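Paired with chain B in one complex and with chain C in the other, chain A is shared by the two complexes that follow.
Let's turn to the complex of A and B:
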């Protein structure tokens, strides 16, 4: 067994080569074969990959189809963005040492209480974990205890991110309204525009992805991981064995939300902006597509799916922007029908020379399950 | 002998239909009890009530004369020492036979305990013992979903034994088994009784006879008769609603 099986080993080795080669090609080689924008672009993909791993942990292993994971990503991003805003200091357009430009513009007298502490990097780092973690805890505590499952749970996670989007769009919330937070200058004193800083951020994203994968693997390999799969496949049966299903769901949901928060925090300095659009329901649905496409319940597949789809999106939106959404939809439909184990299943199935039909039969057992079971509909059995 | 389980005046209706109606039933510690009755008599619903899945509208279900089970949820009842085998065999299909047993094995159920769990030699031995007992040692690494219906029944019995519960509720264990296997199940349950309390629901009269224990006949959510199999078989009402068909 071991934490690093063949699949994980190959992926991590590839990731390592990438995180060394890309900065090298950008900084150290003559003629700069890797342009700077590519470094940030790939860094962004790695953040998406971490986000996909976070979703796979709850969806692939515990059957919680969250359609709101973009919210945890965005909250982590906002926490980091708030620090970057404070770090601008008096170098903003209005040269106010305490208030970010948008607050001066909106006639704020003083910094809102919830902005305090974000001038300190360590505090922002804690918030990157704590804010998504706390939201996931409160949300999950109510949802899982009242035994909301399946489609209903998916819908309320979607509603959660939608509500947050509307809230963050409001100027009165104090997060920069629809412009969000932007015009960052530096982080820990390093210029965010410099190639070296960007290379570091890229490397850190690679490291975070590797760490996220290993943490998720350790969780899913443990007995707890087996309980999660048991919950995914036969929730009620798991309860009769004495497991408090809601506690297990809550644990994995909170861990996943924190992981998504870290992904968001690394994403923001690389793209240079965070705005309420990150909360949009469509974003969260895209994460699900990454995971389904890469291979649900495989962790590595989820990361791969995110990178592939994000890459395809960059290429396609460059050539034919109108086509992208249709292409994404078509891709999703085709993958669910023909590749129920995702791209990873395709690659590994090839290697093992297994017949496609057998693969498909095995996949059906743990495939995408949006069915509503009758027992979930019997309201009277639901306890709070 | 002390009382393990006592249902007193339990009723439960679904959309006006009384699935359980003023049901009172006492089972002693270490007793083996068979529950029979026509389809829809409320046998499974009775188990749902004992295991915290369904809450009764009225009545009490006392555990060891001290704890009211109607206030427990499923995990709570399981942690008190109530294990259950379902009418429709329910195993964890995408996990190995061995892992199905490992998940059921008695022990701490908290999140932290599971996260840091290491299988002890004693647990490994116990898993092997159980797999041998239910004759699934050759299927140890197979996916549970690939087992036949009868094998799934055995696996679920194995899971039940792994839990080492004080009370075993066994709903139609013989369905899908061969005659020889049915008799083996009966032997197994007779062996377990004494150390554990066992309540078995079954339609197979050969099987019930082999259990050689006190029989409760349920009809329309109510106890119609109770006593030895011969005693209840002689009851004209029982013959009319159930045995005579």
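Let's turn to the complex of A and C:
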């Protein structure tokens, strides 16, 4: 079926309907059945979904459990945030044409060197890809070459995002300290508060998610993808067969980081703020539960899981704020113990089980006894 | 009869003589002070001498105010006041009773003037008054003030006080004051000054250094040489003490890291279970301490000093019990799947956090220090606080008890057997499931003990554990999973490295640099400082 199998087809069709219907309901229909905040909220979920797909690419298909994907997301967000800061120009509180408000407040003399170029949109777009990609490349280069795997890798990715969080909290870093970057006015001349711009951002998020899914699918379906799965399931054996394991891992890690960066860049204009809290290890580990809930190694499942959990979070923190952490905690425990293949695995497994039992019934009617082997029911073993 | 009368007269006279000074003092300190504004400078000098002789407690303060030009006469009612500045306002207080007289206008009062001769007299009188004070603390303070003043005119006075002073510490301070004054004295002989230099060299602190460094440029070559030698020596010792202080701070931080990580060294290091709820078990220990202290405050306030000793075993049981529950209820289904364990225990940590938040509220809780943990003492030129010292000792005690349990007790033997070869251990009749639960419970219980100690120096809030989780994993990974000694070495070396970087980089950047260092270090030695040797290649 090529790139678009059944599961991908259904999801993409649903996504298409959503990205058309939501802005339509917000902008064109009388009575505005979709309020504006819902557009931004759903746009945020789509960014999360893209982030989850990025993580699924490395965790589900290559066995790299990154607890630092929030860092790539946040770096992409900061790159976009810096551009939006520069677009404010002299409309800030201090009306300084050269420096963003927080720099005036912190007595900066001139723009730090790393802020130069961010007044150009294309430059910011390159940085959205380049900065997370470069960090992933350097980090992965060191980590994979010296064969840091499994839990150790997870822990140092967590340390990486923790160190970045501490760094971005410092005012001296020149990224606004703990307030982060905010008060954005417009992007490419379009007012960020207007419904039309928000609808466009929402549509772009949907497009980016679809593109991310297709890219990830293309990678995993290719021969390279088969090697990645081999690395996930038996890294040493793959290496002994002559594959340069670390190069495959590095490639997929960098692609995934760039994808996360794009998600962050789309997230920031819709939320209107980026601060160092995005780097917190707790955020990164929450991404993992999206993927685990939806179904690891399914791509579509990861996107679904992100939307489900983020939606539940919005609802629960609104209704019963006390309960949310209990629910999230229970989700972690229950999914890992009872749903190792996630919701998608459960649904598809049940469908498979039904069709299998139908076949068995048919076979029995024909007088043939079909032995059910345990491997078939369990499906392929996913090694962690 | 005549004789008797004479005797009586003498006894009476003696009594009067004995009592007189007290009576005079009682009456006349106030009168004498009131007489201060009158007459010329010469009259004032006599009054000052008399005030000094009264030995009244207030004498020193009043004379100091006079010396500093703060003793004024209020124009409104001619009363004497001591003025002080508060912001831009001038506040007056009655010179005799200390009663507050409110704000004084700019020209509302008149200063009692003194000249240079009077100032000298005043300084001597103040010095004599406080140097002869019955309270040794005041005497020591006066001797130190004399050292700081370094006034040549007080040398004679200091010498006279030295003859009668018996307290060794005060004698030392007086000798140093003499030395400081002699260095400032243009008429002192070279021999005297050389003696003074050697006294100051022994003192060896920043103040001695400021006194000695100008002498290096002295015209007298002998003096210059001695001074330079002393300066070099003092700077050397200062550097050494600075180093020692940094090492101490580092060990103190290291002991905190050790406490936080040592439980993890068992659950992660020995068992290989990634327990992300470890920090929350530490938090449970801290909250147990809080609960125990609340109970003691309510029921037996006199037991407060014992609260930590009561809390420690309870915290061990609470955290250990929760640990056993986690192992039995969740972790045991996930052995061999480390990444899933990580996620599930993370979920448990969220649940524990929210539970504590629901019960105790989201704010910081106040945990008190028992009396034996507050305060500090001086060791040479460094200050050591008791709570840090006790925490260091506690951390080491926990460490060695744990080491003993693992190496010398039957349960420790079983734990090691199960982690090394589960199948073989089971064949030998060890109940591996029970041992797993006990091992996990031991690690969790130690986390609870850490919570008792950390409650003394950190905020007790539901987020307490979060701030330690990354650090403690770093320590265990850096030391080498499975090596208890490695954890000890890693905790102290990371603590000391952190504190040595702080002066140059600031606390946050030092922490970031340490994290980056560990990340790089793991690339080089993925199995940590003290790698456990064995045949296991992958996982």
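Everything below uses one rule, namely that the second predicted complex is superposed on the first by the 349 of 384 C-alpha atoms of A that agree within 3 Å, B and C clash if a C-alpha of one lies under 4 Å from a C-alpha of the other, contacts with A are read in each partner's own complex, and residues count from 1 in each chain.
Methods note: a contact is a pair of C-beta atoms (placed from the backbone, for glycine too) under 8 Å apart; a residue touches a chain by one contact, two chains touch by 3 or more.
This structure is a prediction, so every number in the text was calculated from the model and none was measured.
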| item | value |
| --- | --- |
| Which superposed partner A:251 touches (first chain B, second chain C, both, neither) | first |
| Which of chain B and chain C A:163 touches, first, second, both or neither | second |
| Touched partner set for A:285, first chain B, second chain C, both or neither | second |
| Dominant contact partner of chain A by residue count, chain C or chain B | C |
| Touching partner for A:227 - first (chain B), second (chain C), both, neither | first |
| Touching partner for A:242 - first (chain B), second (chain C), both, neither | first |
| Which superposed partner A:340 touches (first chain B, second chain C, both, neither) | second |
| Chain B versus chain C as contact partner of A:214, first or second or both or neither | neither |
| Footprint overlap on chain A, comparing chain B with chain C | 236 |
| Residue ranges of chain B touching chain A (in the complex, touch as defined) | 14, 51, 53-55, 73-75, 78-79, 83-84, 86, 90-95, 99, 102-104, 109-111, 114-117, 143, 145, 159, 163 |
| Residues of chain A that touch chain C when the two form their complex | 65, 139, 142-143, 145-152, 154-156, 158-160, 162-163, 166-167, 169-170, 235-236, 281-282, 285, 288-289, 292, 322, 325-326, 328-333, 335-337, 340, 384 |
| Contacting residues of chain C [partner chain A, same complex] | 274, 276, 330, 333-334, 337-344, 346-351, 353-355, 357-358, 466, 469-470, 473-474, 477, 508-509, 511-512, 515-516, 518-520, 522-524, 526, 537-539 |
| Residues on chain A engaged by chain B in the complex (per definition of touch) | 219, 222-224, 226-227, 229-230, 233-234, 236-245, 247-248, 251, 365-366, 380-381, 383 |
